[in-house]
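Provided herewith is a single structure, encoded as structure tokens, for subsequent inquiry.
As written, the chains take the letters A, B and C, and residue 1 is the first residue of each chain.
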Amino acid sequence: MPGGHHEVNSSGGGASRSKDEENGGVGGGGGTRGGVPRALSPEAVPAYPPPESEEEESWVWSQIKAEARRDAESEPALASYLYATVLSHPSLPRSLSFHLANKLCSSTLLSTLLYDLFLASFSANPSLRSAAVADLLAARQRDPACASFSHCLLNYKGFLAIQAHRVAHLLWLQHRGPLALALHSRVADVFAVDIHPAARVGKGILLDHATGLVIGETAVVGNNVSLLHHVTLGGTGKAVGDRHPKIGDGVLIGAGATILGNVRIGAGAKIGAGSVVLTDVPPRLVGGKEKPARHEDVPGESMDHTSFMDQWSDYTI
Amino acid sequence: MPGGHHEVNSSGGGASRSKDEENGGVGGGGGTRGGVPRALSPEAVPAYPPPESEEEESWVWSQIKAEARRDAESEPALASYLYATVLSHPSLPRSLSFHLANKLCSSTLLSTLLYDLFLASFSANPSLRSAAVADLLAARQRDPACASFSHCLLNYKGFLAIQAHRVAHLLWLQHRGPLALALHSRVADVFAVDIHPAARVGKGILLDHATGLVIGETAVVGNNVSLLHHVTLGGTGKAVGDRHPKIGDGVLIGAGATILGNVRIGAGAKIGAGSVVLTDVPPRLVGGKEKPARHEDVPGESMDHTSFMDQWSDYTI
Amino acid sequence: MPGGHHEVNSSGGGASRSKDEENGGVGGGGGTRGGVPRALSPEAVPAYPPPESEEEESWVWSQIKAEARRDAESEPALASYLYATVLSHPSLPRSLSFHLANKLCSSTLLSTLLYDLFLASFSANPSLRSAAVADLLAARQRDPACASFSHCLLNYKGFLAIQAHRVAHLLWLQHRGPLALALHSRVADVFAVDIHPAARVGKGILLDHATGLVIGETAVVGNNVSLLHHVTLGGTGKAVGDRHPKIGDGVLIGAGATILGNVRIGAGAKIGAGSVVLTDVPPRLVGGKEKPARHEDVPGESMDHTSFMDQWSDYTI
């Protein structure tokens, strides 16, 4: 099936920037990206997350506040921290902006500057807020160790890194490269997560553990993707320009996997931990190569790293 | 030998918490864990560390103070730092608590709060102190680059991360999950070491280099284990509940090894750098599969990564 | 060719310290190292960087200031930061010292102490300055994502880590081990880059992404080498003393490669991402083993990870 069907548009590299990107997303099912309409196969990825709505953000935010209130009561040592970071804020974007600013500030990049920057970005771009909500839902649904929304909001370096990346990406698209790269650098220092501001990342993303993740400048990551720690979406060094992987919707990439070059990882594919991938990987199928059939399981959402390995031993270790 | 003999009890997962765990350890030779007595084979692991005693702690602490005094004299640039961190303190737990609090504090988690928390935990739990002493001795004995106890105490992110983890684990057992997870998050940010607070870790542990280490929620690590950097003890995503590896006493796991799922790594086993392990590994033997014999060398203590590789090529790269 | 021709002297380990090392370098083409003169093959590595000169430093510094001025004008949010970090300083060493001190300071290691330390080291050692300049040029030439010198100076954790390492190495050679190790520890915490102060590293080095890099005590890295993130130059644990890899000039080591033991990686060799290397690798040749011929491409400079892979499948994944 290589070359047969690809969900991710490879026209990235910052050459053309559609309105879709300006809103911080990398495009949804059937949308146009880079000006080239592509038919996505809707049966490969279930309709998740549900259509954006302020209601979903409100609901998640009310959950977070209830959790923080409960935790502040049961753990006085955290009360002041939880009040300052969550309970004193009127909305999720404010709490998130405050928390990110405190995490990423330095003696030369002040927290007040970062707070203003994050808040302005989240306020002006509803798609950034809905992406954050989709990421929170993804962590709860996919990570058995994620006990609450507030745990993810406060403690997941992967969640925080990707929210900061979306703001850096927005700055990049607004031709504010130096600020985008300064933010990128702080995220790389503080969280050990290195996502180039030009990289386009979808929503409903889980960066599990996250330490050591590297995503290169012209990489594209679809929706509902789960990436474990130490994953590299890098270049081969041979090419300049568009030189990084394109990851389809619903893909799961295991710990330490290294994917190099402008290759396409098809929707729903599962890349085993420790893999080194230098070629395209077709969309996930079952039944072997002779009788390929699309599989109903979406690894990026189920987080199932090892099922059907015997049928796919040529793509997983 | 797979399935024949296992040193690590897999009943983890936080379901049952014995008195043994309340003291912060994961059980010693022949102890009961999770209420199920298991016979450990004492010949596999020499009697190290020697029985806990305040004398050992006193001896190590006097060494540390002497080293710090010598270094403060020879290096005036460090004198103030060494005085504040080591020499002004009356005991190892106070010095360690002060140092950890300074390393892990943030604008929202104050150093005074963390200092009180660490000090109270070390004071109330002699087993946490003896585990720290065993880890200091392990670093000196196993790491040729560890020139002094004070070097390990002050500079080893792996040593500091695991001491903080033991306090987080104690909080977890005391049903103080939110504080345990906040501490876990700080350790993941500051040291790039990600050990879930529920994970049970023994004593005499060397986390060499430590960056990128990930240990999942239901993992168990025995005594006298050495883990190199970028090691993952993770889940396969298929299972919830008890889903992470169980590492026997005396095991050595090389850099970048990824061990996934509720598998058992038998006592004294050696996992090669870069390995991806999805199945049980028997206790370390020599003589090949036909004539297995237990080997006197304990890799977790000798740090010998490569000897006997030809006899074990199916378990090491 | 194994054993035939080696560019890197393995006599490291701190036993003998030549004048060459005192200046912070690891020796250039044809120099003596460890007292043993070795003939280097000049055709393997082009004459890069050009002979040291204050002019080159001045030129790069004028570029950096022009870039910072342009960025401060276009991005008012960064103006204060750029003024404090770059524009207010009269020279590259001062700017670099200020930036490193701010990045690496802590509540116990004050930024003023670190600033004085870095400035004194750079002032007294022209070779440290020329090495920094060579590293800046290397990043611009080899990394397509490196848009400006100031981007590298301000944001590349690999660049900053290696400049701090060179100062730590100088302290180590001056028998100021405790301060060298304290600096090493801060770099490991802040940048997740772990280079032992005793390790000897050349110039024109690119540490791309850098997170997770580990270089052991007796390792030697030549000139014009490019190391990706998560690379380990470690020990096997069997040996004490001189126990880490020796990396020749012009070598390229891909992401996550683990090289263990006192092995030699010949000049111009290319180590594939994810490799585990336990033996010597000959200098890079083309034409297969029957008709070996030196290749004109220097991977450490071209960053070409994958060309000629079919001819070298026994050394690259």
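As a working rule, a residue touches a chain if its C-beta (ideal position, glycine included) is under 8 Å from a C-beta of that chain, and two chains touch if they have at least 3 such contacts.
Going by UniProt, the chains are A, B, C = serine O-acetyltransferase.
Source: prediction; values computed, not measured.
If you draw each protein chain as a dot and join the dots that touch, every dot ends up joined to every other dot. Residue numbering shows that subunit A and subunit B use the same positions for less than half of their mutual interface. Subunit A and subunit B, compared by their mean Cα positions, are separated by 32 Å. Across the assembly, subunit C contributes 192, 211-212, 230, 256, 274 as residues in contact with two or more other chains.
Residues of subunit C that touch subunit A in their complex: 71, 74-75, 77-78, 81, 84-85, 102-103, 105, 111, 144-145, 147, 151, 154-157, 190-192, 209, 211-212, 228-230, 252, 254-256, 272-274, 299, 302-307, 317. Residues of subunit A touching subunit C in their complex: 106-109, 113, 117, 176-179, 181-182, 184-185, 188-189, 192, 194, 196, 211-212, 214, 216-217, 230, 232, 234-238, 240-241, 243, 256, 258, 260-261, 274, 276, 278.
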